[in-house]
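Which chain is which? They are A, B, C, D, E, F and G, in the order written, and residues in each are numbered from 1.
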Amino acid sequence: MENSRPLDALNKARNKRILIELKNGRQFVGTLVAFDIHINTVLDDAEERVDGEVKRQMGTVFIRGDAITIMSPQ
Amino acid sequence: MENSRPLDALNKARNKRILIELKNGRQFVGTLVAFDIHINTVLDDAEERVDGEVKRQMGTVFIRGDAITIMSPQ
Amino acid sequence: MENSRPLDALNKARNKRILIELKNGRQFVGTLVAFDIHINTVLDDAEERVDGEVKRQMGTVFIRGDAITIMSPQ
Amino acid sequence: MENSRPLDALNKARNKRILIELKNGRQFVGTLVAFDIHINTVLDDAEERVDGEVKRQMGTVFIRGDAITIMSPQ
Amino acid sequence: MENSRPLDALNKARNKRILIELKNGRQFVGTLVAFDIHINTVLDDAEERVDGEVKRQMGTVFIRGDAITIMSPQ
Amino acid sequence: MENSRPLDALNKARNKRILIELKNGRQFVGTLVAFDIHINTVLDDAEERVDGEVKRQMGTVFIRGDAITIMSPQ
Amino acid sequence: MENSRPLDALNKARNKRILIELKNGRQFVGTLVAFDIHINTVLDDAEERVDGEVKRQMGTVFIRGDAITIMSPQ
């Protein structure tokens, strides 16, 4: 069995909707456009959510990798 | 006696259920799919738990390594 | 399909208005003048905002990259 | 007198019971199986303790090095 | 159009008054004497301010770069 | 005058009692056995102190360098 | 005009009294004996101060660089 690498999972999620949660507790959902080895990430058509509700529409959002805890394809 | 390395323990847990706890106190349980030297980790069939109860089903979850405190095969 | 990199999104935002949010919860909006791989960033004609209101006009602002959580072109 | 290095003390504790305390205040006791230069550590037969009482039995636990404050052989 | 780098903005502010804000919320204003790539910075004729009022006169102040959030020429 | 280096002060304290204070406010006193460039440190005959009182006797203690704020020979 | 570097200011303060403030809000004043590029620092004849009052006399104090926010020659 071939071992997969963590960034493979993010590569599969490119151009798909993904949930990102930050260390400060904030949640963003958007289309995954780009990421790098630091997990710096860009979402398009992004929205911030609070308790499952859309708080604001944000268009393109660049997220600094070290602010992120988890990412989960939707 | 041959000295083992910490990542050996994670390698043995591949494709098995594992508990991951984060610095912000959150708990995830899922099937360990991938990890790297930064401990960036991917779980499949993941769920978030609060006080032992399932809070949400999450499918695939990428966890940034520096957010993690402990991991324990279930 | 060619994979884009996160800093491409910031390059496209050069000389345009951008919102930057910090780990301590503060918000700045200004014209993106410069950034580097650490995400150290310089804004011109910057203002700090609180709850959507301008709190202070700041002219040029240098922001240390590791203080930043997100950036979003306006 | 020959100067010893900090990891020598951990090497002497291999296969022995050791107490590990984390930055978030949690305590684990287990058999030291492995560690690396980042102080990523693996315990076997681990238990979490609160105020000296066993809170949960955990089997194998991988602890990310940067979450650790102190380790003390028991 | 030639892309500028973030430290160019700090170079232009050498020998001028600059405001520096720290992660712990403190504010210093002084003459920018020196900085390096870590953003370690030295101010002369520095004062600490609280709510716009001078709290203490400090002469020369060395500020460790990783304590800084923003810098803004006055 | 020859410039000394910070680790020289720790070298002089080898095999002597030293006080170590951590970022989380805890205090340990013990015999300095070993340290490295990360300031990972090992104490023997260590005790944890609270408000100057011995809270617990700990034998050997390994302290991860990045948890430390200050060290002071006793 | 020749550009100075931040550590030049610390070099000038060698063997003089200097105030050091830490991220956890504590203040130390002592004679600057040594520092390195991480800003690991050693003070002699050091004292901890709280609200301008001497809280304790400490002799030699090694301060881990990443615990420091500012240093100011007295």
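Note that contacts are C-beta pairs under 8 Å (C-beta built on N, C-alpha and C of every residue); 3 or more make two chains touch, one makes a residue touch a chain.
Predicted model only: the values in this text are computed from it and were never measured.
Steps from subunit D to subunit E, minimised over paths through touching chains, total 3.
Shared contacts of subunit C and subunit G, meaning chains that touch the two of them, come down to E. Centre-to-centre separation of subunit C and subunit F, using mean CA positions: 41 Å. Note on chain placement: the centre of subunit F and the centre of subunit G lie 18 Å apart, centres being C-alpha means. Multi-chain contact residues of subunit B (touching two or more other chains) are listed as 23, 66. One closed ring of touching chains is present, and its order from subunit B going to subunit D first is B, D, F, G, E, C, A. Only residues 14-15, 22-24, 26, 28, 33-36, 40-42, 46, 58-64, 66-67 of subunit A touch subunit C when the two sit together in their complex. Residues of subunit A touching subunit B in their complex: 1, 3-10, 13, 23, 25, 39, 65-66, 68-73.
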